[in-house]
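Next come two complexes built around subunit A: one with subunit B, the other with subunit C.
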Partner chain A sequence: MSHESSLSQVQAATNFSEPAPLHATTRAEIDASLRFPVLLFFRTALFWLLFGSILCTMTSLKLVVPCFLDGINFLSYGRLLPVALDALLYGWAIPAGLGISLWMVARLCGRPLRCSKLLVAATFFWNTGVFLGSLGVLCGYGTSIPWLEYPNWASVPLFIAFLLMGVWIVLLFSARQPRSIYITQWYFLLGLCAFPWLYATANMFLTWGSIQASAQGPIIAWYSANIFGLFLIPLALGIIYYLIPKITGAPIYSYYLAVLGFFSLLLLAGWSGMTLFLGGPIPVWMVSASVVATMLMMIPVAAVILNYAKMLQGQVAALKESPALRFIAFGIIAYLVATLLNLAFAIPTWNGILHFTHYSNGIIILTLLGAVSMVFFAGIYYIAPRLFGFSWLCSCSIRCHFWLAVVGLSLMVVSMTLGGLLEGLALDDAAITWVNVLSFAAPWRWLNVIAWILLLLSYVSFVRLFGNMLFHATHPDQKVSACSFNSLASVS
Partner chain B sequence: MNPSNIHHSSDDLQLARDLVEINHAPASLHNADRNGFLRPLPLWLMAFSMFLFFWAGMYLAYNSGGFKANVFDASVVSWSGGGSGGAAAAVDMKVLGKKVFTQTCVICHQATGLGVPGQFPPLVGTEWVLSQDWHGDNHLVKQVLYGMQGPITVKGLPYNNAMAAWSQLSDQQIAAVLTYVRSEWGNNAPPITTEFVTKVRADTKPRTEAWNLAEMKAIPKEMCSGSAAPATPPAKK
Partner chain C sequence: MNRLRPLFITIALLFFAGWLGFVAYSYLELGRLAPQVESDGSLPPLQSGSAIRGAKVYAAEGCMTCHSQQVRQPSVTSSDIDRNWGKRPSVARDYLRDQVAFLGTSRIGPDLSNVGVRFTDPAWYYRHLYESTTVVPGSNMPAYRYLFKMQKIEGQPSEEAVSLTGPHAPKEGYEVVPTEEAKDLVAYLLSRKQDYTLPEVPPVPEK
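What follows is the complex of A and B.
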């Protein structure tokens, strides 16, 4: 059949269906060149993850026990919360995502990294920016703009460092040896181009120069939605497109679905932030366009998740064996749930109830710690053993990490969204006073504290495991008592 | 997989499931798999997308506020973007009227509306403006449209001058300025609508020259709001 032969010619020429295979020596060369910078990314990211989640636990406790650490200026709620969330975003998520994409792009492009010193310097700059920014906010110089609380001088090292880090990935990409471009690379390039645009625009208009007040709200909404929708989520989707075929051995289910998913995301994601101002004082067309975009986001999400689900179909054995795949599966579910919650938030009549409750914060946490972070963990679980040269030391730490995170995140989402809904209904009732609404919502805030403690334990377990790996890599002859739960694990 | 084992040699890396590299090219797949990879989009997804796009269009039609930067409430602008929807799109006739008055009328009739004695007649409490006696709203509009010439009497005083024609103004501007004049300086007559000006202009279509008093008197009285609602309290009639 001529049709079939032309099809296989297309296949042979493009090789889209899965990440390209590489010769073992090339792989070893690439991994050797990436070992130090990528592990440095992971190490700093994990530090900020721990730092951010400790502060988040403290702030969630402050919401229910107001006298907790009261009277200390730099530990007041208004300063701790932005430092905690920004540490999770700028300290943890972005460097972790960059480290993973650096490794994957190098593998996909078949190129080792040259001149990694500049990249290491950029990592240093980036973390200096996060550190100085956090310090600035704690000392009371924060800007009060969501996700841009760092004083404006801290945004300069962050921006320059991102350009230095991003440019390495783009350089690797442009020097790629297999000329074909795999789906993962589309998403990475989208994310890497989006961040400088978003960050520079938002900082120019909000922290450096002050645009007229009526335009500030829309820019804040645009930035805080797109930092996820156009940057972190695409990185996570790209990572999933890389890992599922690699781990299961199954090719991409449908190439056209991937195309649809990518371009509809590119078209729609940028529009979807303005639902934050439903009923607010901005031109109504901006809000309506955003409502429409949020609803239409069902198309890219359906396309992507359908593709993933078909690839994961029947892979029960791999799901049981591979921690990376389990984290990915939970990340996909979190992405789906976050999308549906966003959708409910965009329905104008529902928004009237859900607005000004913890509901929208719940979506942000689910997106950041579920849809994005769980996939990044999967990436680290996949990549780190290749860089260390040995496998993960302890499976029960991984299990601890996974299940504590799953239970913690589920509790958190339930407490914030369901609690937010009930809180909103109570707020709508003119017969209930404000103070009564607060005490009515208190059990949900307590649930939130428990969820944060579980998440913190989960992250501690992962950081401890990663630390043991680092220790073992530098002291290979010493026996690592990595797994205190080993006996427990063998029983179960 | 036995993760508690520590693998030192690179061969051991192949043991763990996570560490498997995919070394087979797509050519090594079965034909069915390879062709499946280029499988068309599922029909239900296409139908679902089309439905969403249809809904999106309808939603924007009714809620976009005509994509105008100064519309903050979707309910005030009709779906076509025109202003027939209501308050925010409607022009405040008195504000527009004052603007037109200060641009066109104020030179003769003065900002006080009192005119210049012996030269330009006043507008305050005038039967011409308030449509009293034989004067109707139609006379007022016609006068503004084509001007006035020759001797007339206003509030019992004679004037002999010429008023310019203002037919170049839009119907809305004429309605606005007359509404303004009839509600300012203590005047209290009902507004003149744009539709009424349009009607009067259409009635007198071929005319271009100014009116005189005899011509005006020959035209029967017409009121803007119709006979059902008298324009002025019927005290004078």
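What follows is the complex of A and C.
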């Protein structure tokens, strides 16, 4: 599809049109070269997803029933929670996102992967890093720096592994066959450049400890905001730009909006993290800059969402038929809600009440498991059948996965934001003692436990389905599931 | 020309701008803050070796997941000061002596930046850490019993023994004493005091 006539100057510099469909043999060649490494990414990611959500369920339960598994050092709340969240970030989201972007980049660049052994080695390194890091925290070597709790030596394998994987994608880029660069690749390029920079900076200054504690606050806030805003969210947005046109056949609605969305995100996201320490011991100008940037973030978000919404308009049939599209639609909604919640959080007087309650954790969970993960699931739903060479085995597992995730996440958001608001109002009144604040928060925390259980069930049903696919791929003659074959995702 | 290059350069430049603003500025300005020199020493006060080791225990146990260490500006909220968590908001220099600033992002429990002012008796901390409900009924803070050891009383009971009654009391002839880790942790908690004045932050007038 070419829109040469309507290209703006920006696009003239970077030709923007969607790449022409590849020849079937090229496609098959690419998929064959990627089958093992990408499926390996997905397998390890799903393991950590289950691991992380089991631990999250346990910690949420510990908050309401403190005597649950109490007094055991490696199962104490303060050690489990960081392990759980880091497993979801480093174990699940990053490898899943990388696996998907690797496949998409290869397809967009029209190049099969060479020397995939190194990539497999990188996955191995990465997972070793996550494993050793988690073990370190459980054994009491955690650093208690948000999102960087792993002991500092665990950052070395993680960093090396990322560079190896990143190099692969860059090589694919430079060998690309169509010279044009599609918007998806823009976002991937942003994310893949941002991560090593973020991770190296944060580790150098924080975990390897070469900076005075008085200066750590802004760097902590910068890292924990940008790991989402400049890395995972761009990956997710790029994946959506790839999948919607592929699934529905609709072209990108507006290239101007796409360009606007990309550059305004790039410009603003990096400045928006300091609301994490609004009113805290960091320079006031930083907080002001972030408040403004968070408000302005409505521009990139509105631009991409408008674009997506226009592309999805009237695609009811496709939404019903394609699980990937349904996951994307929910991911987009989650992204919008998370942005609005962030906006409310950045208003100073509101922040005074909402800060430090479950509200802010709710935004993080919604971003990680809603906006990012739902899109990654969509990517896996789209890609895995192409790698396996057959379609998803069971449609009820998919439905289970989707609806449990939707209900679980919605319940989570309601319990965390409303519960957080009430908790904040109680905290704001100094006459209410701490133990009384706890009783205000308790019902909402119970709701949170239920939400986690639903999410856990949702992920279990997906992992089971994926496991069945793996089994079926190696034992094609055996019947694997009671569910009838269903051609949900056609293999193109 | 390779069209990848302009895109890459734009990304790098815009990313670098944020990096300069937040990271480089912090490193160059906040990272070079110096202690306030007074006639009778410097502020914030130096920490004992035990307190510095205790910060490691604080990090390892993840107390930060439930406790913050920052008193917010009264312009944002007055509740931190109303709750008696500090007489004035925290500023960057307060963390000068720490290895890691445990600013915290959530408050399942109270703020601890001035806990050493509120509670001065180590015995209270030991009982609270061993089983929080013995001193604060209804508390849901986890019990850190593994930071203590149960030992047989030989001769005189130990002076450090945690005084426990009721269901959490040790068996007859046994006592509960804090380990080195617990002692360091409590030394660290006792050092959590921002009760001095720094020129950049005047005390908030009492209401």
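Note that the second predicted complex is superposed on the first by the 461 of 492 C-alpha atoms of A that agree within 3 Å, B and C clash if a C-alpha of one lies under 4 Å from a C-alpha of the other, contacts with A are read in each partner's own complex, and residues count from 1 in each chain.
Please note the rule applied: contacts are C-beta pairs under 8 Å (C-beta built on N, C-alpha and C of every residue); 3 or more make two chains touch, one makes a residue touch a chain.
Here the structure is a predicted model, which is why all the values come from computation and not from measurement.
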item	value
Residue contacts on subunit A - larger count, subunit B or subunit C	C
Subunit B versus subunit C as contact partner of A:S288, first or second or both or neither	first
Touched partner set for A:P476, first subunit B, second subunit C, both or neither	first
First, second, both or neither for A:G110, with subunit B first and subunit C second	neither
Which superposed partner A:P300 touches (first subunit B, second subunit C, both, neither)	neither
Contacts of A:W434 with subunit B and subunit C, given as first, second, both or neither	second
Subunit B versus subunit C as contact partner of A:T357, first or second or both or neither	second
Which of subunit B and subunit C A:W197 touches, first, second, both or neither	second
Subunit B versus subunit C as contact partner of A:L63, first or second or both or neither	second
First, second, both or neither for A:P385, with subunit B first and subunit C second	first
Footprint overlap on subunit A, comparing subunit B with subunit C	15, 281-283, 289
Of all residues in subunit A, those that touch subunit C in their complex	13-15, 62-64, 66, 70-73, 76-79, 81-82, 137, 140-146, 149, 173-174, 179-181, 186, 189-190, 193-194, 197, 201, 205-206, 209, 211-222, 226, 230, 263, 266-267, 270-271, 273-274, 276-283, 286, 289, 348-349, 351-353, 355-358, 360-361, 427-430, 434-435, 438-439
Subunit B-touching residues of subunit A, taken from the complex the two chains share	4, 7-8, 10-12, 15-19, 21-22, 24, 27-28, 245-247, 249, 251-257, 260, 281-285, 288-289, 291-292, 295-296, 298-299, 302-303, 306, 318, 321-324, 381-382, 385-386, 389-395, 398, 472, 476, 482-483, 486, 489
Of subunit B, residues touching subunit A in the complex	1, 3-8, 10, 12-13, 15-27, 29, 31, 33-42, 45, 48-49, 52-53, 55-56, 59-60, 63-74
Parts of subunit C lying in touch with subunit A, wherever the complex brings them together	2-4, 6-8, 10-12, 14-15, 17-19, 21-23, 25-27, 29-33, 58-66, 68, 70, 72-73, 75-77, 79, 82-84, 89-110, 136-146
